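Paired with chain B in one complex and with chain C in the other, chain A is shared by the two complexes that follow.
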Partner chain A sequence: MTINLLLLMALTITALGSVLKKDLVKAAIALAVTSIILTILMFRLASPLAAVFELSVCAGLITVIFMSTISLTKPLTAQQEEERLHSRAKHFASLPVMVIAAAAVLVFVGIPTNFILPPAAPAGDVRNVLWNERQFDLVGQMLVVLAGCFGILVLFKERVKTTRRAGAAWMRAIPPTAAGDKFNNGAQAPMKDDEVVSETVPFESVGRKT
Partner chain B sequence: MTGNTAQLIRMMAIFIPLLFIAGFYCVIATRSLIRALIGIEILTKAVTLLLVVAGYLTGRTAFSQACVITLITIEAVVLAVAAGLIVNAVQHTDSLDKRKLENLRG
Partner chain C sequence: MASLLILVPLLGVILLNLPLRFLKRLAFPFALALALIQASLALFLPADLWNRIVVSFDGLGNFNLTVDRLSIVLILSIAIVLFAALFVGWFTIQDEKKRFNFINLLILAVIGMNGVVMVRDLFSLYVYLEVTVLASLVLISLDRDRDGLEGSFKYLILSTVATVMMLTAIALLLMTTGSTSFSEVAAALKTRPDYVTTLAVAVFVGGLSIKSGLVPFHGWLPDVYSSAPAGAAVLLAGIVTKATGIYTMIRLVTAVFGFTPQLKALLLFIGAISIVVGALAALGQKDFRRMLAYSSISQMGYMILSLGTGTPLGIAGAVFHLFNHAIFKTQLFVNAAAVEEQTGTHDMDVMGGLSARMPVTGATSVVAFLSTAGIPPLAGFWSKLIIIVAVWVSGYHIYATVAVLASLVTCAYFLSMQRRVFFGKLAEEFQSIKEARVGILVPEVVLALITIAIGVLFPYFLNSFILPMISIVG
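Moving on to the complex of A and B:
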């Protein structure tokens, strides 16, 4: 029980650390540490398969997604950084106080623990439960993953950018082709005002300046 | 109910609400879009722990693990799409501040 208590305290502290850390990279790493501690707790609570999922997906994949997202955004300027520090101190100063107050209330109020638990069910296999009893959950998971793939494809595809050239006076300088002249020497006909031009814009990340 | 079970329930009943408070506070108070995602992740961890504890106390660990696996899968997909939305939003507003997202074209 002492080990569980220590793990729960470490879980709460790392979760608070990921909220209160100024640097987003350090916050993402603190979140990964939170996942690792949760994995240990899940192993101790007789849920090894879920613990492995938590470790591989939350501590691994999600941390990579966070790092990728942070790397695709622009770093703040010095002035923006200063403004952010002031607003963060104002907004997040009360969180540790709130957590300690809530913990004190929950400890001293007295949580009832004398309720009757249902009789222990025979231990089943996770695979049997997933494939035989929770089939709709699996279908739902597949649909969600498919929807997520389409979502990512739509968000990151190349866009066709349309622009209107209003008053393209510089194009009027090009002489018009002679009537009946099939070979116009490559000269283009002058563009009309407000003509729509389409160009393909590849996805560009707002890169970090090194 | 044994002493160990009662102690476990008491500990979880203290720490799981604290995780919920931290997650909700992070989502509501922050101005950064990425930090709001971190808050959602903390909320998901609180729910995961609650499911695992419920499975442990009732003896139905297989069912609780199946629910946790479903939750983790959906969480990963939602996070990936949300990260994509954030990157696109930063392209338009050039900032991670959620207050800059006020000009929505309807």
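Moving on to the complex of A and C:
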């Protein structure tokens, strides 16, 4: 029981670390460590196959994907870090207080454990169950991977952007409306009618600036 | 037959992405064929053929899918919205590669939703919900502009919160009942109702409320609907929130959780608040799509209010309103896409008198808003009538009155929208706009015709479509 408690506390600490750390690489490593602790917990809960899947996918594959993604982004400048830290502290100052209060309430009231059924005899070997009874979920898994691939294609592929807007030549003559220039997405200087601007749009120039 | 709705599009997506040049041009016809075939299957295939296993070699393809009348209504709605979103996306996106990606993601989202409406197991429901959400996320951020990425991020975070709540509930139910299939959980919930299962049901309903955009979890909906590109917004507003949120709520409450008095009271209350807050918030909007988003929240409140009565008539009303909402909300978003493409703005105060230059769009928009407000003889009138009658007959007179009054507010904000956008004097800068392209006119006209047809031919549908719905309630 004590070991489980220690593992859970370590899990919470590394998970918090992965969310709060400023450096993205360190955050990704903290996520990998979280996953390793989760693997140990799963071993202790007598499900070795789930533990192996967790280790190979989360601590292995996900960390690799994160590292390759992070290598495409620019790190924050010192000033941006300051601002981010301040806004974080402002927004989330009450969270630790609420967690400690909730924990105190639970300790006082006592967490009931009498609803858990005695462990049923396992219906079959995991591999058997997975392939014979859960095929539909495996197809779902395939779909998730496909959708993820398209996500990566859409979000990360560099493309040549031509910015001659079709049809709305009048639009460049009038100033943005009071309600905000949503359609233009803040395009600054008005362009001439037949001016074609080609530029490669790498990911870092979209959405990273605060 | 049911598994083909998943396997054939999946095979199609895999084949379309093989590195052969001519395949890119087959994307649009393939998706169009999928939509038409799915709609015809939903309308014309006899019930027993649906559940027959067609594909199975060696134990593969042996999925546990069941299709009943509720699923058929949803499958039809998915097919119709796919049709509309396909046309809008294809004709509003300029870049070739983006168009191809859009079609693929659209098909993936539709596979996910087909899976959601056909499963009979809590965990498979979760998996296919995630497929739909993932495909929708990428669709929202297709343009890679700041608004789209922000909207996609909001949807991601709130959807993850909702799925975490659902997973927690599934875990609790698995612990106490030992299984995740609908029938076994339902049987176990009847025999041992205790506070843990009540907690699980409450957490699940909370997660589903976030997914459906019901008040007080509706914060993400207007932002996401207004920042998505046109084709993605049509899909999202037309069917994704309904298939993942409202359908799941109806299915789980009728088949798994059962109608306890507390659950009914909760659903009635959430429904009534959503109706009122959505309608009042829509009154004050300047942005075209945000107004439509708040209107969606209000209409989904109607569906949940009707579900909360627990009577067969109420459930039939909720399902019929779900279908009608899919039609008229998609119609409105297609019109919004047409208007935006021609005028380049979302702001209703700037627009005016567009009906002079865009007569078809204006006329179909009138049909859609009359249907939303519940004006006879259009489809929306009948579904609203059934809902209000069901609520009144169950004894909740105050809720029924609220629903009727909110209907007046609905009429008010839509009239104001119509006047601001389509009627009135044509603004100076819009003198040179033209009617929307044929590609966008096709879904507009088709959807309007469906609305009128269902409204006028309602007595036929009552016997063959609506009343048999009552059989899904035990």
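As a convention for this text, the second predicted complex is superposed on the first by the 145 of 210 C-alpha atoms of A that agree within 3 Å, B and C clash if a C-alpha of one lies under 4 Å from a C-alpha of the other, contacts with A are read in each partner's own complex, and residues count from 1 in each chain.
The working rule: contacts are C-beta pairs under 8 Å (C-beta built on N, C-alpha and C of every residue); 3 or more make two chains touch, one makes a residue touch a chain.
Just so it is clear, the structure is predicted and the values come from calculations on it, not from any experiment.
Of the two partner chains, chain B is the only one touched by A:Ser35; chain C is not.
Looking at the shared chain after the overlay, A:Val99 reaches chain B, while chain C stays out of its contact range. By the touch criterion defined above, A:Phe136 reaches chain C but does not reach chain B. Comparing chain C and chain B on the residues of chain A they touch gives the larger count to B.
Once the two complexes are overlaid on the shared chain, A:Ser18 sits against chain B while remaining clear of chain C.
With both structures placed on the common chain, the touch criterion links A:Ala50 to chain B but leaves chain C unconnected.
By the document's definition of touching, of the two partners only chain B reaches A:Leu8; chain C does not. Residues 115-117, 120, 133-134, 137, 140-141, 144, 147-148, 151, 155, 206 of chain A lie at the contact with chain B in one complex and at the contact with chain C in the other. Across the complex, chain B meets chain A through its residues 1, 4-15, 17-19, 21-23, 25-26, 29-32, 34-35, 37-39, 41-42, 45, 48-49, 52-53, 55-70, 72-81, 83-88, 90-91, 94, 96. The touching residues of chain C, counted against chain A in their complex, run 6-7, 10, 13-14, 59-65, 94-95, 97-98, 101, 104-105, 108, 111-112, 115, 119, 121, 123-124, 127-128, 130-131, 134-135, 137-138, 141-142, 144-147, 149, 175-176, 178, 194, 196, 226, 286-287, 340-347, 349-350, 429, 432.
Against chain C, the residues of chain A that register as touching in their complex are 115-117, 120, 132-137, 139-144, 146-148, 150-151, 153-155, 159, 165-168, 170-171, 174, 177-180, 182-186, 201, 206-207.
Within the complex formed with chain B, the residues of chain A that make contact are 1, 4-5, 8-9, 11-12, 15-16, 18-19, 24, 27-28, 31, 34-35, 38, 41-42, 45-47, 49-50, 53-54, 57-58, 61-62, 65-66, 68-70, 72-74, 84, 87, 91-92, 95, 98-99, 102-103, 106-107, 111, 113-121, 123-126, 128-130, 133-134, 137, 140-141, 144-145, 147-148, 151-152, 155-156, 204-206.
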